[in-house]
Amino acid sequence: MARKKEFDVVGFGEVMLRLSPPNKERISQGEVFEKRAGGSELNVVSGISSLGLRTGIVTKLPDNEIGKFIKNKIRFYGVSDDYVIYDRSPHKRLGIYYFESGAHPRKPTVVYDRFGSSFTTLTIDEIDPSVYSSTRIFHVSGISLALSDNVRQAVIQMIKKFKQNGVIVSLDVNYRASLWDETTARDVITSIFHDVDILFVSEETSRRMLQRTGTLEEIMRGFAKDFGIKVIAATERKVISPTRHTWDSRVYSAQEDRFYQESPYEEIEVVDRIGSGDAYVAGVLFGIIKYNCPQKALEFGNAMAAVKNTVPGDLPACDFDEIEQVVKSHKKDGSESEMNR
Amino acid sequence: MARKKEFDVVGFGEVMLRLSPPNKERISQGEVFEKRAGGSELNVVSGISSLGLRTGIVTKLPDNEIGKFIKNKIRFYGVSDDYVIYDRSPHKRLGIYYFESGAHPRKPTVVYDRFGSSFTTLTIDEIDPSVYSSTRIFHVSGISLALSDNVRQAVIQMIKKFKQNGVIVSLDVNYRASLWDETTARDVITSIFHDVDILFVSEETSRRMLQRTGTLEEIMRGFAKDFGIKVIAATERKVISPTRHTWDSRVYSAQEDRFYQESPYEEIEVVDRIGSGDAYVAGVLFGIIKYNCPQKALEFGNAMAAVKNTVPGDLPACDFDEIEQVVKSHKKDGSESEMNR
Amino acid sequence: MARKKEFDVVGFGEVMLRLSPPNKERISQGEVFEKRAGGSELNVVSGISSLGLRTGIVTKLPDNEIGKFIKNKIRFYGVSDDYVIYDRSPHKRLGIYYFESGAHPRKPTVVYDRFGSSFTTLTIDEIDPSVYSSTRIFHVSGISLALSDNVRQAVIQMIKKFKQNGVIVSLDVNYRASLWDETTARDVITSIFHDVDILFVSEETSRRMLQRTGTLEEIMRGFAKDFGIKVIAATERKVISPTRHTWDSRVYSAQEDRFYQESPYEEIEVVDRIGSGDAYVAGVLFGIIKYNCPQKALEFGNAMAAVKNTVPGDLPACDFDEIEQVVKSHKKDGSESEMNR
Amino acid sequence: MARKKEFDVVGFGEVMLRLSPPNKERISQGEVFEKRAGGSELNVVSGISSLGLRTGIVTKLPDNEIGKFIKNKIRFYGVSDDYVIYDRSPHKRLGIYYFESGAHPRKPTVVYDRFGSSFTTLTIDEIDPSVYSSTRIFHVSGISLALSDNVRQAVIQMIKKFKQNGVIVSLDVNYRASLWDETTARDVITSIFHDVDILFVSEETSRRMLQRTGTLEEIMRGFAKDFGIKVIAATERKVISPTRHTWDSRVYSAQEDRFYQESPYEEIEVVDRIGSGDAYVAGVLFGIIKYNCPQKALEFGNAMAAVKNTVPGDLPACDFDEIEQVVKSHKKDGSESEMNR
Amino acid sequence: MARKKEFDVVGFGEVMLRLSPPNKERISQGEVFEKRAGGSELNVVSGISSLGLRTGIVTKLPDNEIGKFIKNKIRFYGVSDDYVIYDRSPHKRLGIYYFESGAHPRKPTVVYDRFGSSFTTLTIDEIDPSVYSSTRIFHVSGISLALSDNVRQAVIQMIKKFKQNGVIVSLDVNYRASLWDETTARDVITSIFHDVDILFVSEETSRRMLQRTGTLEEIMRGFAKDFGIKVIAATERKVISPTRHTWDSRVYSAQEDRFYQESPYEEIEVVDRIGSGDAYVAGVLFGIIKYNCPQKALEFGNAMAAVKNTVPGDLPACDFDEIEQVVKSHKKDGSESEMNR
Amino acid sequence: MARKKEFDVVGFGEVMLRLSPPNKERISQGEVFEKRAGGSELNVVSGISSLGLRTGIVTKLPDNEIGKFIKNKIRFYGVSDDYVIYDRSPHKRLGIYYFESGAHPRKPTVVYDRFGSSFTTLTIDEIDPSVYSSTRIFHVSGISLALSDNVRQAVIQMIKKFKQNGVIVSLDVNYRASLWDETTARDVITSIFHDVDILFVSEETSRRMLQRTGTLEEIMRGFAKDFGIKVIAATERKVISPTRHTWDSRVYSAQEDRFYQESPYEEIEVVDRIGSGDAYVAGVLFGIIKYNCPQKALEFGNAMAAVKNTVPGDLPACDFDEIEQVVKSHKKDGSESEMNR
């Protein structure tokens, strides 16, 4: 039977088990871990789904009980698991990361245990090719480019195939020094920039790893000029303490040659900072798809990031009404009711 | 056998099951709800009991396991359940509300599921008439006037009967736009104002729903002049963020034609804001009964409200010694020891 | 854009919030409820999904945070929420049930609070008509027929429409004396028997409510003869104690005029008995769809029911491999390894 | 104002903080204790309250936060705290006991830390004398006689005063070898037997500590003859494993010179055995008060004890309807429905 | 003052993080994992420490927060971490296993994720050579021989070095088909049998993997004859259900040419079966060291195994007094008091 | 091989069971206590162990399950239990304290129940004399001098013996008004000052209890001059609210006649303030032992205190790397990465 599937966004990336001690407890103490699912690209697509669009994820999970847990979580967040690949090899395993939150002057801590995970063994042949024509946007992050050679090759080829099908390509550079060195990262990432339509990159990464110079605006405009990227978004998080952040961002529309910005979210009461950058990406992509409007993209991106910081876990657990409300309140500067009743 | 019972305050109102996710979790996520009892009037009388006076509650509960849970909680807080009515009808049910706390910019959320509860079916015939002569003060809130026709009629008639028995009547206007419209509320509430001795009302409600004008002091004095109300208390909460509030209030004594106020409680570290207004009412009524002194009433009211904000659950869980200590510390501006040892 | 959807089974029924105290605690005690989703028809379709087929549920949820929780749970179990209807009326509410497990001689207790729920306001006009052609089997239980007049009418009309589209109709009689009387139930249920293809009914209900007589085999064969029902399954649970059950069942294939039975599951270590009957239905429907074989249907039904009893919550949380393994072990009488490694 | 109070039963005894690791965890491991209130006489009166009669407890608690916790728990179980005495001395403390449940062949473990508790400093002068005329029955256990000299003297004098007021005296011998030696216990206890109306004593204690001889029936009759005790109840617990008990008992009515017995409760699924003997006492006293019928007393006693075993914590958390149901089911041998719906 | 530090037993083996859902929950469900430390050889030495002897463990842990957790746990159980090696390589990781308990007919499930762990990279050069002369007994299991080539080589060489220092060598064959095939296992294990003094092996493994024939007694005697092994212990677990086991064992003393056996532990109420075999080894080694008596070794081994089954987690959490008490009770057939007070 | 066992620091003091309600709950409410070990001197030595040095504790515990729990916790934190004494007397008990955290304006609360604990019965004869030559530093606090006469005598004699063995003596004055009056405290403490090498005392205690005058620097220098104390450390905690503290301290080196100070830790996000003073002592002693450098001592002391405030429980749960990192970040004023990855 022929079956036609349509997604607004499909992501590609590793999904990990996240283990974190409750409250302010430490990894090295206590008797309980909270178990959750997390991963940059899953965070993005689940954020978009929670706002009401259809998304899917291409990933690879071990075919065992813990893989089943992750599959259930993917569904729970409204993300299609149609393109999930299962690893039945003897050394199949799920990547794990341990997260401990902080309190000034104790910093949050992340310990990764993702080496040799099932995802890193993924090759492009395992991916159902129907995916290339089933979505409007394809999103991937620089993490996936860093994990293993075959995954890197898979990403590069997937991008080609998506482009051939007219799919918009979104890339979050998300440079992680612990995964690869700057030179390799720069070479690989710039090699695919010509196929990227929407780019997420921080000022710091632009300057250090990508060695761009000039003002931030010059840098953003430069990505558009040099590589034909259409939308560039740059975020800035100011960390006052592990529980107090300020969030700001800027969006550049190449077509209009115009920068979008609003007043930053200040005094965010941070419950869990993990995934807030991904929530931003989700909000921006949502704004682009739904409204085709950089201003809306900026506003939804910032609101999603701010709200994500206040929610435990990697994944935003909000919906469209809530985010719209937050956007409105933000503009009004809190002259709103103090409670949703 | 004749049985003479005496209470300082008897409240009338719905008691609900409160379900809230732990910590900063969301209603729509997670696997556990904390279960508690809550309801404006119960909160008030339990607050008064915790300070050392005798109170009771007139309410109606379903005659099942969950009703039993609430009955136990009522007792736990030192409130008599002698006047609790049990509903044995097939559609008996307990009202429920779900509460999710916030973190800036995420607001707290309340979802009510109280429609058709056993309490809304209560009629005055079900109430043991001995209650009318068993208490010094009768307290009720505007919520009870809004829930259903028969409950509204019951309240109106109860007030009459209490007045006939020389009982002091306390009313917290507590206007909830989700329960009834402003016109109906204004008509009903002003119709009973002549029987009210102690009134709790916010400035905003006075202006909008009750359409009073002038300065706050003029408004407060107006209630005394127009309706013969003896004590009027007006509170003001400033919400800096879901976890930081400032609390202030003013008490007007008609007899003395005098306003009482003290410096506000600032930088309250809010753990759970629900019930803090009720705790204020409890403190004020306690001050009036125990000391017959508006200054004391103001101080106990403010301290109770401030402390309630720092305690999880609807109900204050303090005692007289603690509140007296807080009142003292507040006056001294924190030059006290930092810990109770 | 045209969108073609295909399900193996679509269910129709109320989904409730299930609140239960942990372990052996009581509803009337303690400070925590475990929160889960449950409902006879959801239990059935989620069981089928966990075995690997595609299912969906037609239901109506309040458009609020607690409705969102249920929606997430539906997805978590792999059931499509495409046909979920949202109630935005002021009195929208989710049905609830409280469950307390037992220990001999204390019996398990269920308290329902489902009256006036959003689901009971559902009318057939709200249902997306594409559902009638999107599934191979439609499943409903007698509970849905008892909840309210409009829901009953909706069920009756839905069955007509499904039949018109060649969909197989499955009915679990699931008679609940607390919801309707025997006479009404008998009239309504027998009136739709002519449209039923697969029937689940216990011997006791057949005799008492449906007033069938003769041996169990005669009764089962009678349903086929009198109403043209093709498959009839009858289950028998023996309760040794709240934590020890025996499970047995019998399947009748009208086409072959043959009864299927295997040795019962004995000494089941019951962790949570709720939903085990639904898990049985899931297993039987799965066996029919996947293998078109009454023997397989019987085996999967029994194994699903037995395993469900050992898992907390309404919903089976197993997969095909596990159930197949249990079926095999059951035949071998436990000469297997004692642990899955 | 004169205030007349009436109780059906007033108990006298120490109330302790009970700390137990959850589930099958050990005291020496883990990071959490469940906190509860417990104490033989409180268990008895709270059991009677849960069945619907009015009770109170005379005890002494430290005037601090942990004493407040216990006071709240006393109220929660519907027991009056009117006669609770508060210790404000520098060495005030609450007795504690740690309880760990077992699993064959691991036995349950109790560790006491009650030495020097506030209760042991109680003297009769501290007791409000209005108690002596406020109740129909006074209940005390042998534990209170063993705790300290002044408490022992208080008990002896209290019994005198209660008798002078026509109050029925109930004694549960409850001999604990860890608290006092057999000779002292025998002397003290037999010295008050002449004032006892209702006696609870096991066969083993009768033989060993009290040095009675003959058949159990002869022993029971002997207490009546020698001391004028009117009702004697003897219980027998058979421990198959820490999670499987059998419970049996016998009641002797001196007036009728008749023994009452019913078939034992077998295969009780023990969740928490602590307090089951006290629940028996509660059931028997309830039966005597409510029905003045040894048969009813026996049945309520046995059912209360059996149900208590299935509930976590010291205190029975049942009500009259439930126990009446259990009594009925017990007679019918389980041909009942398997669940309370 | 110089203080001579000596261990009674030093173990060598991998220590893993054990993650298990609470109670009867499933790995694929729920939001919490209980976190514990586990590993066959650690289980053995911690069991011996809990009985009062001095032990240590040679193992390799990642130098990160999760490694620190394990180190803390090792200490908690009284095992010296003096010989723990820390892995600071980029791919350092701790082996993990997930454990889900069962309930008939659902079997317990173990999922391993130990491939590529820091332990598998251990080489003999990393081990502090002072260990070879610091202990009376060296214990290792067949698992360590199966994990990686370098670990296998390390074990073989360690045994040589220990033997050269007059250390007694204890081996638990512990064959795991998932780790290596029978032929390799047989070759490796029999190649070291000549250096083994105390051997733990099941009848089944003796017959299948080791291809021994004859009666169990002949097999046990055969190990002594063929390889010079001095003590051979064979255990037998009968699994009635996941929560009911019977435990039996037999010890052969080559010197006396005598078999020791006692009546099996029946109807063990299994809370957590993991580690019970290791607890047996601990008990036997303790009996040999402390009493040099096979009868005592047998009794302590059986009691340790039985008690371990009733305690959550891998590691026995008992002490000498408790085990001695269990041994005594077992001989008396339960005519003991039912509770430790 | 002979192995010389030496401790860097041995502490002497009472170890208590700490019971605290989770999160912001109250002692008088809720159903769970978190159970931990705590005690000033244990906190100090465990802090030092966590930084990598060898420590032990001399204390006395009841020989029961709860004593075993404490013993396990001592080991868990890497502190030797070689010198722990066990109390087997009938009235053996472990001291307890209850701790409730605060939120402005609710203060934290501590309730002690330590009277008559096993530790208070300790006499010097029970201490293994090998301890006097096994350590470089001996640490004790003023609390131990206040608990009972025999403990006071033991401390005084121990100090003599340690001095005779050339051990450095460290004293934290830690004056607690609830334990003894100022005059007695002054007499006892100054009587041992001549044997003290390292002194921890706050400015306030110096002025009030010890009646020292002048500037803080004069006071600190005075202790050196008058009693020959070599290092004096004075701390200052500013409590902005229960969740926000500032921490500052000053160290005086008599040899150099020099004061050391750094910028205070501000805006510490306090999770649990208990034990932060002890963590400071640990850091200072560590700095002295490891670096023999007052600057390092100051920095490690401040960082340990600051971090301890952010961790639940009495005991610091950090390691050397973390504290070194915090020291570095503190100097750089937060221009660091915001997370440990």
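So that you can tell them apart, the chains are marked A, B, C, D, E and F in the order they are listed, and the count of residues begins at 1 in each.
Note that a contact is a pair of C-beta atoms (placed from the backbone, for glycine too) under 8 Å apart; a residue touches a chain by one contact, two chains touch by 3 or more.
Source: prediction; values computed, not measured.
Student: So which chains count as neighbours of both chain A and chain D?
Tutor: Intersection of chain A and chain D contact lists gives B, C, E, F.
Student: On a CA-centroid basis, which chain has its centre farthest from chain F's?
Tutor: For chain F, the chain whose C-alpha mean is farthest off is C.
Student: Relative to chain A, which chain's C-alpha centre is the most remote?
Tutor: Result for max centroid distance from chain A is chain D.
Student: Which pair, C-F or A-C, has more C-beta contacts?
Tutor: Output for the comparison: A-C.
Student: Take the average of all CA coordinates in chain A, do the same for chain B, and state the distance between these two points in whole angstrom.
Tutor: So the centroids are 46 Å from each other.
Student: Distance between chain B and chain E based on Cα centroids, please, to the nearest Å.
Tutor: Centres of chain B and chain E (C-alpha means) sit 61 Å apart.
Student: If you average the CA atoms of chain E and of chain F, how many Å lie between those two points?
Tutor: Chain centres of chain E and chain F, defined by C-alpha means, are spaced 39 Å apart.
Student: Identify all positions of chain E at which a residue touches two or more other chains, and write them in rising order.
Tutor: 23, 26, 28-31, 68, 72, 109
Student: Which label fits the chain touch graph of this model best, line, ring, star, complete or other?
Tutor: Graph shape here is complete: every pair of chains touches.
Student: Using the touch definition from the top, list the residues of chain A that touch chain C in their complex.
Tutor: Where chain A meets chain C, its residues are 1-4, 6, 68, 72-73, 75-78, 319.
Student: If we count contacts the way the header does, which residues on chain B are in touch with chain F in the complex?
Tutor: 23, 265, 267-271, 303, 306-307, 309-313, 317, 322, 325-326, 329-330, 336-341
Student: Help me check something: in the complex, which residues belonging to chain D touch chain A?
Tutor: 30-31
Student: Quick one: in the complex, what on chain A touches chain F?
Tutor: Residues 23-26, 28-29, 102-110, 112, 176, 178, 237, 239, 241-243, 273 of chain A touch chain F in their complex.
Student: Can you list the chain E residues touching chain A in their complex?
Tutor: 19, 26-36, 64-66, 68-69, 72, 90-91, 93-94, 96, 98, 100, 109, 111, 113, 115-116
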